[in-house]
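Next come two complexes built around chain A: one with chain B, the other with chain C.
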Partner chain A sequence: MRVEYINPFVEAAFNIIKEVLQTEVNRDELYLKKSTQPVLGVAAIVGLAGDVEGRVLIDMSQETAIKVASTMNGEELTEMDELVKATITELANMVTAQAVTKLHDLGFKFDLTPPAIITGENMQVSDINVEALIVPLGLPHGKVEINVAIRERLGA
Partner chain B sequence: MSIQGLTNLSTEEQKELELAKIDFKMVTFTLAGKDYGIDIMKVKEIHKAQKFTFVPNSAPFVKGVYNMRGDIISVIDLRVFFNLPVEENEKGFENMIILRLEDNTIGILVDSIEKVIGIDSSRKQPPHPLFGDINIKYIDGVVENDTSLYIILDAEKIFSNESQTDSKEEIKVAAQTAAYQEMATAAAPEPDKHVNQGFVEETLSTYLGFYPSPLNRDWISKRLDSWIKQRGENNFQLNNKEDAQEFLKGFYSNCSGQMWSDELLNAVRPLLPRLGSTSLVWNPGCGRGYETYSVTALLKNTYPETVLKVQGNDNDLISISSAPGLLMDPARISPFYKEYLVGSGGGSQFNEIIKDSIIFEYSDLGNNASLPPVDMIVCRDTLSYLPESTQMSVLDFMYENLKPGGILMLGDNESPINISGWQVVENNGQRLYKKS
Partner chain C sequence: MKTTSDFPSINERVPEGQGNDGKALKVLIVDDSMFVTKQISQILTSEGFEIVGTAADGAEGVEKYKELYPEVDLVTMDITMPRMDGVTALEKIIEFDKDASVIMVSALGKQDLVKKSLMVGAKNYIVKPLDRKKVLERVVSAIK
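The block that comes next holds the complex of A and B.
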């Protein structure tokens, strides 16, 4: 993944999550993962198109998702209902949008697709021939991973 | 349109048709100077190997068993199996083809492994009964390619159980001779060095993540000789990281981790591929980017009109992050770069012409990301730090993704593993590899 893209995503994820959850966020080492990766349980996905192609995935376990949604809504939620899903979707939207805004300022142009949320157990995500950058964030609510797989349209 | 134009077109079309009809690929190798082929679908991989573990009371053609990254496979010497003379290999490394058969995996030793050839299977002819060396029932067919005649062996038939029980008497006799041979080789001084080299190689991968393989083994073997002379017979083991680093000194290529010198630029320039109107160059393992900037400046200087994209990759986040804004001290690098530099606070940087041609990416070579066809690959001293199986797959990947006539540049002490069909081009001591 192009180095110029890394920081905007890391910063956006860090800032947004810190702000909406009003909590300390621990950043772990960034790393790269092969194309097929396990997904923790709840994955909100936003597609990117334009100068680059790819997607951003915000990934966490169900418990973490419920806790995060509880904090964001200011009420105690106990199960994976529509409200939790809508909240996590919104979180994904905010993180990606801020990253893309930062990238626009640097001169890279691309568009977003509306976020989708996928839940289930033992899921995997495959992006053929694209490496994914993982930004692991440690919250009191649990582990959240921002998983960014984008590539230049070199052939085009 | 002239008639000549028409005929030209049709021969070209014919060629294309012929190319399109390739439906059988084989790995070719030699045994006692003759060419043989084996169906590529049966071949798992190619391996240089030594240190086979002798299995007592086995057939003479059974070289022993071999530990291939944790899998124990049996190894058969095809030359003994077919009663052909065995060429003694001075370096002790045998060329092994690993076959994946219906019910087991087996290694076969051959004289040398040539390349992969694709043919139209309808051109395969039935075996002639006069092939003296090899029993006709093991031959799948014969095919002519580029004036060489290849005998295609039927891997399944050779190693099916039935054939091995065929000649128990012979086996007994020959097993004894094999045992003698084994003793004879054990007495020779050569294996000592193999054992030593094996230890040293192991420590290199443990301490530094440097993986010895056919890619760099020639250098290691030479280096070990001088190392033993320097340290003495009893003190040559690499006991810690510092020893290992000391050992590897001299492995790194000319101008590694700095801008290329005039000498290197001039050596490489005549070997550059001919670039078209748009070209892509790939520089995996670019570190902080010195190599990428050097190559880009050289190519821009040689082909100013080409729309050039150079992709520099590294899996070290800190190095690669600093690459786009790398500062130069004009006084310390060749004046060649001067026209591409612009001043900025505290040093010089490369100008837009160069920077716009380069994309730095955080990427890991082992992850097989995709790549459009490239004109040139510069990958110096990088592959040696990947496990052997990854080295193989990355080299294959490079070969596949290079345009015909494209150039591969490896480290000064690295060479591609011989099967791949590279053509060596050389100038002033600098070796590059051309995809033929």
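The block that comes next holds the complex of A and C.
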């Protein structure tokens, strides 16, 4: 997978998280995973289809999701309720919108699915024949991983 | 006899959400995100606007507008929604009331749809993430 696909998502996540949470964000080293990977507990997933295809996960623990949603709502939330899910979905929406604008400007044409939120413990994600690039972002609320598995569509 | 306290101070700022008659301006929020609805609602109520209704998709938004009419001064309209998108809902609202004040709420990268909305009759637009100051500026320019 070409790194140029993941960079817009990482930059967008970095910028948007910094802006909406008004906090410093540290970017850790990018790593690559080929096989099945664990999911941290709350994953917003967005699908891509067009010149490129695949998916983007914005992944964090439930505890981090609740803390992030609390800051974004300006109130203390204590459980993984509908408001927390709606808030994380919106965060994913903003990140993907910014990243996709950049990718469209670079000439890639594809559509996005609306974000879906998946929650649970001991979850894994498998992407057949596509390696995933993962960039962990460190923030005071906990770790957020941007996990991108995209490939160019054959014949596109 | 009138005392000084009976007169409004010239330094007293009138909240943006207060109309010329001193009453709160009425807003309908159309957005499929509970988070965005809450955020817009908090920003606008803190400036004296009154939220008279919310809708989670374009079709419900049109229905609510017709139900509430003429008691709506402003509609905030998300662009991407299930069932009926915001641009179609805008068209239907303008068809029903050509003077409707509708402001579009968009994620980045929807410039074509924003342009289309402005051509159809939206008064202004806001790009997410929402910034309190920008939201109020755009809303005020849409209704005044």
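Just a few scattered comments:
One rule holds for everything that comes next: the second predicted complex is superposed on the first by the 153 of 156 C-alpha atoms of A that agree within 3 Å, B and C clash if a C-alpha of one lies under 4 Å from a C-alpha of the other, contacts with A are read in each partner's own complex, and residues count from 1 in each chain.
Basically, a contact is a pair of C-beta atoms (placed from the backbone, for glycine too) under 8 Å apart; a residue touches a chain by one contact, two chains touch by 3 or more.
Keep in mind the model is a prediction, meaning the values are calculated, not measured.
Steric overlap between chain B and chain C is absent once the structures are superposed on chain A; the two fit side by side.
By the touch criterion defined above, A:Q98 lies against chain C but remains apart from chain B after alignment on the C-alpha atoms of chain A. In the superposed model, A:E19 lies in contact with chain C only, and not with chain B.
Once chain A of one complex is fitted onto chain A of the other, the partner contacts of A:V3 are limited to chain B, with no touch recorded for chain C. Touch criterion not met for A:T119: it reaches neither chain B nor chain C.
Once the two complexes are laid over each other on the shared chain, residue contacts for A:E90 go to chain C alone; chain B is not touched. Contacts of A:Q62 after superposition: neither chain B nor chain C is touched.
Of the two partner chains placed by superposition, A:S70 touches none, neither chain B nor chain C.
Across the superposed structures, the minimum distance from chain B to chain C, using CA atoms, reads 25 Å. Listed in rising order, the residues of chain C touching chain A in the complex are 33-36, 38-39, 42, 80, 82, 107-110, 128-129. The touching residues of chain A, when paired with chain B in their complex, are 1-4, 6, 30, 32-35, 128-131, 133, 151-152, 154-155. Residue ranges on chain B touching chain A, taken from their complex, read 280, 309, 311, 315, 317, 320-321, 323-324, 359-364, 366-372. Chain contact summary for the complex, chain A toward chain C: residues 16, 19-20, 69, 72-74, 82-83, 86-87, 89-90, 93-94, 97-98, 100-101, 104, 114.
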